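Some structures to go through are shown next.
Two complexes are shown next, each including subunit A; its partner changes from subunit B in the first to subunit C in the second.
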Partner chain A sequence: MPQEIERQYKEILKQYVTRQTEQNLYAGQNFSRQLIQKNIAPDEVISIHKVALEEAFPELPMVVWNSFDLLIEMMIRYGLAHAEHQSLLKKQEELKVEMDLAANVQSTLLKTTVPQVDGLEIGLVSVPARNMNGDYIYFLSDNLNNAGVAVSDVIGKGIPAALCMSMIKYGMDSLQDAATDPKKVLDVINRIVEKSVDDDMFISMFYGRYNVEESIFTYATAGHEPALYYNAKQGEFSELHAKGLLLGVVANVSYEQHAVTMETGDFVVMMTDGVTECRTDEGFIEPEIIMSLIHSLRDETAQTIVDTVFKELEKMQNFELRDDFTLVIFKKTS
Partner chain B sequence: MGYRSSVEILTEWDIVAARQLGRNEAKEVGFGTVDQARITTAISELARNIYLYAGKGKIEIERISEGGKFGITIIASDEGPGIPDVRKVMEDGFSTSGGLGAGMPGVKRLMDNFKIDTVVGEGTVIKATKWIR
Partner chain C sequence: MNIQVIIKEEENLIRGFISGEIDAFTAPILREKLATVQQKENLHTELDMSEVSYMDSTGLGVIVAFFKNVNANNGHVKLTGLSPRLKRLFDITGLGEIMDIETDDKGGNI
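Right after this comes the complex of A and B.
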């Protein structure tokens, strides 16, 4: 094979030296594509050039040949750098495959079922910015009287966040009783997180529970984005605030708990900062814009609202998600 | 065992001497220009590692032949600190990212065969062989 390459290159070289046309240059460039495909190193290319030149123009002075030896010597490391680059590319490809697998494992492991209770519609959208989602949603429900949801955001993204989430999941699994008070839920998870996580890892969480019999939405938060409450009668939004430290900072925190009575048509919008910190090149998208968008969709189903809001915000951001995006809506329908 | 010659590595100038020896041997055995440059680069890298990390050591060049094939083996030995994590130094991007040069993966690529024996606290012996194609 090398002889064949040398022969072809000699032909191209002769052509070009005779006539310096664009066509002959084009032939050379096409030939280089072949060399790359065959993995011919840069140092070898110069050697091929030297050999071709020696055969075609043996009368050239010694200084020319000597200079090529220096050039070959210099190109050896380029050849090595090139080979290393190739091998790193391959490694990167392998890592990507592994990441995709891990993301699959994550979504299977962290799967949660949307509760079905009378008179309540639940809409959910959660989209990761990268492979692994740092937002985590967990539903806790008896599918009768109580539907609870934990919306959490592990501060930090990617693999460390994903690993941290399995811990939250198993903590939540241990609760089982869907009637558990939100402040109690946060207290339990906080203790688990505090015990098992590095000091530089924090998790924010909003926990809300809807009680079907009394139409009451009870909530508590651990340093999470406030939820939005839409009052259908007044046609207005208000924020659901509560005091509470991020999970994992200290072991003993008493979380505040509040409640609102929901009327038909009212809904609660829970989210992560991927929603509130949506931004375009001009800056953050104003919360008012998000609210008016939701307002315009108020008569749609909860799932339609979250899907549409996501699509609109994605479009506004030119389809570039900077952070994991999660939106959950609890809407009272009767 | 074939004909062997060697250079002691004590100063940076000895790296040049080792290169010279390697290039002469490679030329005499019959390697082409590119392979001469590759063998020399490998020697350079190994000698530099001795100079930088072990302080002193030796580069030996052995002419070899087997079943009508001819080649060269570079033997780099030192009584330096040894390499605690060989897998790490053999990783791409480990030494080059720090601007140290081609590193061990580079030497392995330049040659056909590469073998490393190292004991922490006792030293390192690296053997790298290249055959004429």
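Right after this comes the complex of A and C.
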């Protein structure tokens, strides 16, 4: 193979030295691409050049040949740097594979089941912007009287965020009772998180619980985007606000809790800032646009609403999500 | 996507001027700059954010970490010049309740 390379190079060199055209230069450029592909080090390239020159112009003075030896010596470092670069590329490839594996483990580990209770439809879409999702959804339900959902956004992305989520999951698992008050849920998780996370990491969470017998939706929030409540009779949206600090900032926080009675056709839209902070090249997508979009879909099933909203917003952003996108809808159907 | 951070130290007051966008790309720069502030007892700090056009949750994380650090030494952090959009971010997250915040319209503290 090296002989073949030497032969080819000799030809290119001869052509260039006699004619010096753009085309010959271009041939050289293309050839260097081949050399890189074959992992030929820079010092080897100069050796090849020297050999080719010796054969074509043996009469050149000794100083020229000597100078090449110095140059070859100097290029050895570049060769090593190049080799290092190659091995880094390979390592990066390996890391990517591991990240993909971790993302798989994450989705298996954090799996949660959508509750099934009478008279309530639940729609869910959660799409990560990159391969690890920073949004986390957890359902807590007895599949009879109570359906609860935690919609959370871990600030601080990537692997630390993923680890943080398993912490939330096991905290939630420990609650067991689906009738637990939302403010109590947030209090428990806050205590766990506050002890365990870095200073610049925290979590926002909205917790809502629907009670089947009374048709009441009870909620509390820890620094999360307010949910939207759609009142079917009035055909209007309102924001579900409650005071409450982000999880993980201070140890003792008392969370406010409120409740709304749901009528048939009413629904609650819970989301993360990947929805409200949608940006296009022209600026933010205004909340009114999102609301009118949801309003136009109000008679669809909860799952159709979230899927369609996601598709539309993705389109508006040129199919390029900047942040993880999560949308959950609780819709009372009877 | 650019950020500028200037820190000025006066007697017992640190003034920071932040301008640009604070997002996942620029937040590390802000974190680094704020880390140069020498933490000591009763440190008073003021961050002027009137030239901040956008901040996301990553940026919020940097501000909270700084706030926690200064607070741990009985210091004080004041944020000034917040745009309505930024103010909303602090209100939603509940941070507006525990931090000293002044909005752009020269309104009172919250």
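Annotations
Operating definition for what follows: the second predicted complex is superposed on the first by the 295 of 334 C-alpha atoms of A that agree within 3 Å, B and C clash if a C-alpha of one lies under 4 Å from a C-alpha of the other, contacts with A are read in each partner's own complex, and residues count from 1 in each chain.
In this section, contacts are C-beta pairs under 8 Å (C-beta built on N, C-alpha and C of every residue); 3 or more make two chains touch, one makes a residue touch a chain.
Since the structure is predicted, the reported quantities are computational estimates derived from the model, not experimental observations.
Applying the stated contact rule after C-alpha superposition, one finds that A:K91 touches subunit B and leaves subunit C untouched.
Comparing subunit B with subunit C, the partner in contact with more residues of subunit A is C. When the two structures are aligned on the shared chain, A:E22 is found in touch with neither subunit B nor subunit C.
When both complexes are overlaid on chain A, the residue A:D323 reaches subunit C alone and has no touch with subunit B. Using the contact criterion defined above for the overlaid structures, shared-chain residue A:E213 touches neither subunit B nor subunit C, since it reaches no partner.
Once chain A of one complex is fitted onto chain A of the other, the partner contacts of A:D281 are absent, as it touches neither subunit B nor subunit C. Within the superposed three-chain model, A:L80 lies in touch with subunit B and out of touch with subunit C [touch as defined at top].
Taken together, the two structures place no residue of subunit A in contact with subunit B in one case and with subunit C in the other. Across the complex, subunit A is touched by residues 24, 31, 56-58, 60-62, 64-65, 68-69, 92-95, 97-98 of subunit C. Subunit B meets subunit A in the complex at residues 32-34, 37-38, 40-41, 92-93, 96, 101-102, 105-106, 109-110.
Taken together, the subunit A residues at the contact with subunit C in this complex read 153, 155-157, 198-202, 204, 222-226, 243-246, 249-250, 253, 273, 277, 323.
Per the touch definition, subunit A reaches subunit B in the complex via residues 43-44, 47, 50, 69, 72-73, 76-77, 80-81, 83-84, 87-88, 91.
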